[in-house]
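Just below is one structure, and these are the notes that go with it.
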């Protein structure tokens, strides 16, 4: 059979490649009392595709340059202490793996963005099982692609925005997978700028000063199953296109300018199956168009959705709005968005034909939210009898709120 | 053989006791009690979630307790006028009579509230829920509102011989504090929106016991929405333990003022 | 002297009700306070009881001034005009309560028997008829032993039997040396019981004296006519 021939040839090449690497690749052991006691020097002595095993101990080194494909693996989490002198690992080669190191004391600088690990113009890197503490920037990917940031733990102790860095930053990078990381106490937990086709999955980003996750000018990214909790301002997605956001949880982002999610100039995105729970504002939407909001749960937020500025052709379907102080807030009288088939806990209508859909439309915008938009201090009148009366009369005959802003088919039962 | 003369506090307590017994045996106390009992059960049956029930209850309580307190206070005062005259002819200090009646009415209303709401909540496992603090705050605020509005209604009633007039003024007072005040508050906030309004909001809230109670409960419950928008002073004040204590102190002042007014009026009034 | 009143003034709004009343009431007599409607009878009684606070003038009871005092009311029993009690308590409890408040010895047992109130003791006051309420009112007034008794329309709603009992009671108390003030619009009772008549007119004591003196002054033979004629015959007492 002629077709099997190239296949055989390929397998043969592969076997030869593996045998070759077994022959040529060397494993270096680094420990405090060994012949090789410095990571930096051992890297210089090693050849491409070698493996460095770093034994348990403390290595006071910084500006470690990895300029050839290497596997650097820690045994029992050896400590690499940068003593706050500067950047610690700088990777400039393709195919580098960092695994199982405990990196502390990155030098804080006001002129340079020092990182615990910086990857520059490299491909096929893998950074995994790392623990980073006492850091400035954590993992900084610069013009790199096709890599993996997997199962790292980044614990910062940021207090002020001006002298703290981001946990995981991607700048002009693409096709990177960020998975199962835990980031807390940094400025932005995960920050993407000009980075496309990034997959962010199963991460936890919490207690960060500014955003748990921050997108700028990044397109075609997907983030799923992440948890963003108690971040200064929640998650911000700005000036980006074709972002898919699914199955994430946004919790307890409380504060004057805190959001579960902030959308600014976002087009053509899909936001589905997420949970927004106990945020000051669930989603703050500014100038974003053609976004589908499907099957999300909004529970106990101050505002579930707050629409600021012109937003067109968005659709909200099958969402649960439960016990939010305000379900939807609008600052204009125009509405070009569709609300349909959502469940609203404050819906008081009836369902005479028993088809599971309320017979009277629900108007999710209260006059009070309109008043609060205009004069924020009026929030002190929340839940007062006066405001209830005013809201009721507005609901009966809308004057200030968009007339066509309604859910004509509100669900009678909560979407499971 | 003369018996030991009674102390005035004892006399007051006795009158309190009799007014209290008189009221807790009246139909209205039962209705009031059953209303809260039903409310508690219905809320818990409907969503079976103690924290949510507390929020819904707040809305009811902020409006209803002042109204019921006002109406009960005025009604009790006018209905027991002849009895009061009987007491006035007894060797009893005037203030003891009115203090006793006042605490009797306020006490029985508070008891209806605490039992009416407490029983369903206890049955539905309040002890296991972390809403216990919110719930007791609700009851404490409710008790304060009862004391305040029964006191205010007593002052109105003692100042007006005419039943209809007194009743009208009392309801107007409730309407003012529960609705109109907030309307004026809102208008002034919108009118002066260019100015910093933190301090104004704080003072305007503290001046109305209904608003104060509402904010006090809200900050423990709906804090996510409020924290986002109010200015720093407001948040700092109500969000801290000190602010919480100051708020309770203001409620206490609100309670004491009508009592002082009642004593003042009682000393000078002709019956 | 049981009561001494000097220059008592009281004004309600623009209405000057008492215009300088001077009055002395001696121990051991029954006084009837009479006068047309609005003459200030009730205001006078209430001033004595401390329920109305005078604008001017002094009142002394048993030789001590009553201003800013309340303990002197231990020496007075007062029967108010309208007996309207807390509706939800029982007769027994009301009696117990007044006893409790006054904390002095009382003899309600025989009074209850006298007016046949035993069957009503466990009834709520709201269920009683007007006459029965008045009987309870009387029991409450007479069950203590005080030197001064003030009765405001004591006969209202009473049946003849109770009326006789009441009269006996008043006579008995008088015999015990007590001072009794009565207002009543039933002249027969006044004629029968009173030693002295106090006639108030426009806030002043217009006449004070015995029935005989009144008849002489008005040159009438009938007491009722004498009262009716009193204002037409000139000079003051």
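Brief remarks on what is shown
Letters are used for the chains, namely A, B and C, taken in the order the chains are written, and counting of residues starts over at 1 for each.
Keep in mind that, in the parts below, contacts are C-beta pairs under 8 Å (C-beta built on N, C-alpha and C of every residue); 3 or more make two chains touch, one makes a residue touch a chain.
Remember, it's a predicted structure, so these values are computed and weren't measured experimentally.
For the remaining chains after leaving out chain B, touch-based grouping gives A | C.
Put simply, the chain closest to the centre of the protein, by Cα centroids, is B.
Centre-to-centre separation of chain A and chain C, using mean CA positions: 89 Å.
Distance between chain centres (mean CA atoms), chain A to chain B: 49 Å. If you average the CA atoms of chain B and of chain C, the two centres end up 41 Å from each other. Contact residues of chain A toward chain B in the complex are 254-258, 278-281, 300-303, 323, 325-326, 371-372, 374-389.
Only residues 10, 12, 46, 49-53, 70-74, 76, 78, 80, 82-89, 97-98, 100-105, 140 of chain C touch chain B when the two sit together in their complex.
Note for the complex: chain B touches chain A at residues 52, 55, 58-59, 62-63, 178-180, 182-183, 185-186, 189-190, 193, 197-198, 201, 205, 210-211, 214-215, 218, 222-231, 234. Within the complex, the chain B residues that touch chain C are 1-6, 11, 14-15, 18-19, 21-23, 25-26, 79-83, 85-94, 268-271.
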